[in-house]
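Think of it as A, B, C and D in the order they're written, each chain with its own count starting at 1.
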Amino acid sequence: MLGHGSDLPFERDPLARFLPWLIAFMAYLAVLALAGVQVLSTTVGDWHSDLNGSLTVQIPAAETAEDDQANVGKVMDILLDTVNVSHAEVVSEDRVVALLEPWLGDKDIARELPLPQLIDVNVRQDRPLDFDILKTRIEDAVPGATIDNHGVWLRHLVQLIRTTEIITVVVLALIGLITAGTVVFATRTGLAIHHDAIELLHIIGARDSYVAWQFARRALLLGLKGGLIGLVFGAATLFALGQLAARLQGTMLFEHGLAPHHWAVLAIVPVTVALIAMLTARITVMRSLTSML
Amino acid sequence: MLGHGSDLPFERDPLARFLPWLIAFMAYLAVLALAGVQVLSTTVGDWHSDLNGSLTVQIPAAETAEDDQANVGKVMDILLDTVNVSHAEVVSEDRVVALLEPWLGDKDIARELPLPQLIDVNVRQDRPLDFDILKTRIEDAVPGATIDNHGVWLRHLVQLIRTTEIITVVVLALIGLITAGTVVFATRTGLAIHHDAIELLHIIGARDSYVAWQFARRALLLGLKGGLIGLVFGAATLFALGQLAARLQGTMLFEHGLAPHHWAVLAIVPVTVALIAMLTARITVMRSLTSML
Amino acid sequence: MGSAEENQFVARFEGVALRYERGPEILRDVSFDLKSDSFYFLTGPSGAGKTTLLRLLYLSLKPTRGSAAVFGHDIAKTPRDRLPDLRRKIGVVFQNFRLLEHLSVFDNVALPLRVAGIREEDVRRDVAELLTWVGLKDHVSVPTPTLSGGQQQLVAIARAVVGRPKLILADEPTGNVDEAVASRLIHLFQELNKLGATVVIATHNHSLADRLGYRRFNVDGGRLWSETTSDTASPRAVAGGYRRDMTAIGNASGTGAA
Amino acid sequence: MGSAEENQFVARFEGVALRYERGPEILRDVSFDLKSDSFYFLTGPSGAGKTTLLRLLYLSLKPTRGSAAVFGHDIAKTPRDRLPDLRRKIGVVFQNFRLLEHLSVFDNVALPLRVAGIREEDVRRDVAELLTWVGLKDHVSVPTPTLSGGQQQLVAIARAVVGRPKLILADEPTGNVDEAVASRLIHLFQELNKLGATVVIATHNHSLADRLGYRRFNVDGGRLWSETTSDTASPRAVAGGYRRDMTAIGNASGTGAA
């Protein structure tokens, strides 16, 4: 199917040597962005489900366990009495310890501290909650208790990461566009450079598809080459980052690495890039040729 | 100086329309990377000075303040007795509260907790410390006291950010290389396409510098155009990110935004890119031409 | 258009006019028929429109006015995707050769066959045979820019005839060779003509056109008229008509405009 | 090399040989002088090496062996950055014109002046004058691909002479025009010769070369010899030597190899 080689002097234009590297760079960025977006969305998904409860009530440790129980009881009564609260649940001591652990560096230290009681509260999304009234009621019931929009900073962090995610997707789309754009322009350059040769092919009796295939085949090969180079470099970079992230185990960033199905998605990059390149080239050529006689 | 226009048919090759966008993309990435690296290095610089002490001793809160004092005294004696310790200092309650605050969400809650005593210990970098002996001695002196490699996770985070920084610098270098590479190949393509015209110019009596200037001038203009486009988009993106980061105030990420001198560095990007493009083009042409007669 | 007519006439032009973009009319009201198996010369001063007329015949231009039919198909009305089939029946020798410089002599000559999807072994045999015949046997695999002007002209001619076209259009095919070689080349065209091809040769070489007694079309001032010469070579009175001063050459197209 | 000699001889070739890369020797032991203010024809069969010899003269090739001096400078030994100055004293008409297709007729002709850094107003005056003179006044601002073959040849000639070169090299300058125009073009070269330029014209047109009684160099089989014809046109016996069969043309370079 590749026939006797190309009728057009592609070897002579250095674009052929350059294009794969440009495509490799694009594929590299695509691989990193795709990996990043996958890790982030898994992580944020987890956090998000953690954050279903949108309020936290914190009750300072009392002298005795019984007092603790009593305080918790009072707050729970108030909460369950509030219409908009869909669910309220005391956070187990283990989880409180786990939450403090990365900060204090050691589970044992955390356990030795007189821990506050935490209550996770879920609020119905559909109705507004009068936060101030609830706050006053709880503070009256148990002096020293605080009610808190659940982890504002964490929420912000999630928001930041979501934004990063969106930026990544935009970057990904941009990469696709730039790859296609590169191929369009490389093809147009090719058409311009080889204009006379193409005209000659036509006069000799070549069909548009014959000419277009010469460009498409080349774009496919260059795209595949570039995509694979990019994938290899991308995978190497990800592996290095993964090693580093592994050392950070226990902190909440990077709880999840890349699962096998994530890697599979990455492997699609070179194929996609090559197909984008081929189709773009073919369409560009077929379009341009109709304006020639 | 621009004379009567170009003798070479640059308008006809679509590369001229494409190159600025490619360069713009590169400049965009450069601007983002440069901004990121500046913010990170400022932030990490701050953290790093916080982390001079490499050990932390933590003494659980005792029943009374006097007991706390006694425990701290005992540990301090042991530490100051150890040859390799260069400095040991009790961390003020305020700082302990500040450390816990982002986690518990509220200064007041932290103050209500019976706080452990923390001692920051600086160890001489030049001599190894027998960590196990020190640990045993302290644990014997004050039961329940723990000694801890200072903020392992924070250290790891700093390391990760340092790595990110290095990656960014590598990416920056890569961008420079790719820009130069793009120009080299665009120029070589130009030389190949216009080979006959250039040979003709030579035969007619043109000097190499006459030909090179045609390419260099074009690269300068295209590079400047691309660089400016990239800077504009980059600045817009940074502004958007800055707005977002502002909402995260109080969490330790992004304590510092971009200072004016940081923006000045970013403004250099298009100029640098344009100069890289021009010089690369000129050098490429001058080199290639010497091989022609 | 009936099949009979299609067989009898290779091309029929009726009141054809042509202008390039916003330029003046280069050809005006040009009418002629090319009969199958005939041999024609096309003469006229520089800039008169010989190349333009050939371009119409090899379907690289569409007439601005009038009807131009090639192999029974009106050029202006034939859909784009039907053109390749018509073009494969036409062989063209361009005034400036138009060889593909990156291809070897062999690949240049093989191009029309490959484009038509001929089997590679047939391509190889046909091309090798033809190249031997025109005397380029030793230059089969060199790139064309390393050939002299005359050798390139031979390659261009070989490429034009390798596909056994029904219509051969040659633009100044003897401009880069001396008289002796020119005669041999004309001989080749005559042989192909005898084998059933219609041949049209545009040339400045009046002595050549005069010597051979073929029908001759003459373009000047945008008009075309035909002159049948006798079968013997005869110095022709009309030759004086070409003795125009140099300014007139440059302005030939301007003349056509008024 | 003394200044006197430099003035007397525009070019001196001593035992020059040339081969392209790994090819056979195209020229072998070629020696000749070009005197100032003289007029020469260069003839020889297709593929003999006429264009190659001209390329040596316009410094686009270096000899493989021997010494070739142009304007008193040995080509092989002249540093690259000295070449532009020499080249500005040479005007070349290429066999295939080599016009820059994206530039107008005007800009093409202006090129040698601009490259030499001539002031734009002088450029404009000189070029306009010359274009009027060769009859391209009405085509000044059109792109060259829209010109006919003959018109392009005129542009190529105008570009070659616009810089008032001391040495004019023309490769087949009359290949695309008819006899009458060819005579006028030769006349132009004769005028320039009288104004002090040395002219070398490579041509297949033997009748032309015969008619004018100039010194004639003949290349064949890699060798060059000179023949001074009488001042009157005389059909020359040597013409028979060119009647070679077509195979020989294709293999001309092969002949040089053995």
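Rule of thumb we're sticking to: a contact is a pair of C-beta atoms (placed from the backbone, for glycine too) under 8 Å apart; a residue touches a chain by one contact, two chains touch by 3 or more.
Note that this is a predicted model, so its numbers are computed, not measured.
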item	value
Fewest hops from subunit C to subunit D - one hop per pair of touching chains	1
Least step count from subunit B to subunit C, where 1 means the two chains touch	2
Chain separated most widely from subunit A, comparing mean CA positions	D
Subunit B and subunit D: spacing of chain centres that average the CA atoms, whole Å	63
Centroid distance [mean C-alpha coordinates] between subunit D and subunit A, Å	68
Approximate Å spacing (C-alpha centroids) for the pair subunit A, subunit B	21
Of all residues in subunit D, the ones touching two or more other chains	none
Residues of subunit A touching at least two other chains	12
Chain-level touch network, classified as line, ring, star, complete or other	ring
Contact pairs between chains, per stated definition	A-B, A-C, B-D, C-D
Subunit B - residues contacting subunit A, complex	12-15, 17-18, 21-22, 25, 56, 58, 60-61, 99-100, 102-106, 108-109, 112-114, 116, 144, 146, 148, 151-153, 156-157, 159-160, 163, 167, 174, 178, 181-182, 185-186, 188-189, 192-193, 237, 241, 244-245, 247-248, 250-251, 253
Residues of subunit C defined as touching subunit A within the complex	58-62, 80-81, 83-85, 87-88, 92, 98, 100-103, 107, 111-112, 114-116, 120, 163
Sites on subunit B touched by subunit D in the complex	3-4, 7, 9, 11-12, 196-197, 199-208, 210, 290, 293
Touch list for subunit C against partner subunit D, complex	20, 23, 45-51, 95-96, 134-139, 146-151, 154, 171-172, 175-181, 184-185, 204, 206, 242-254
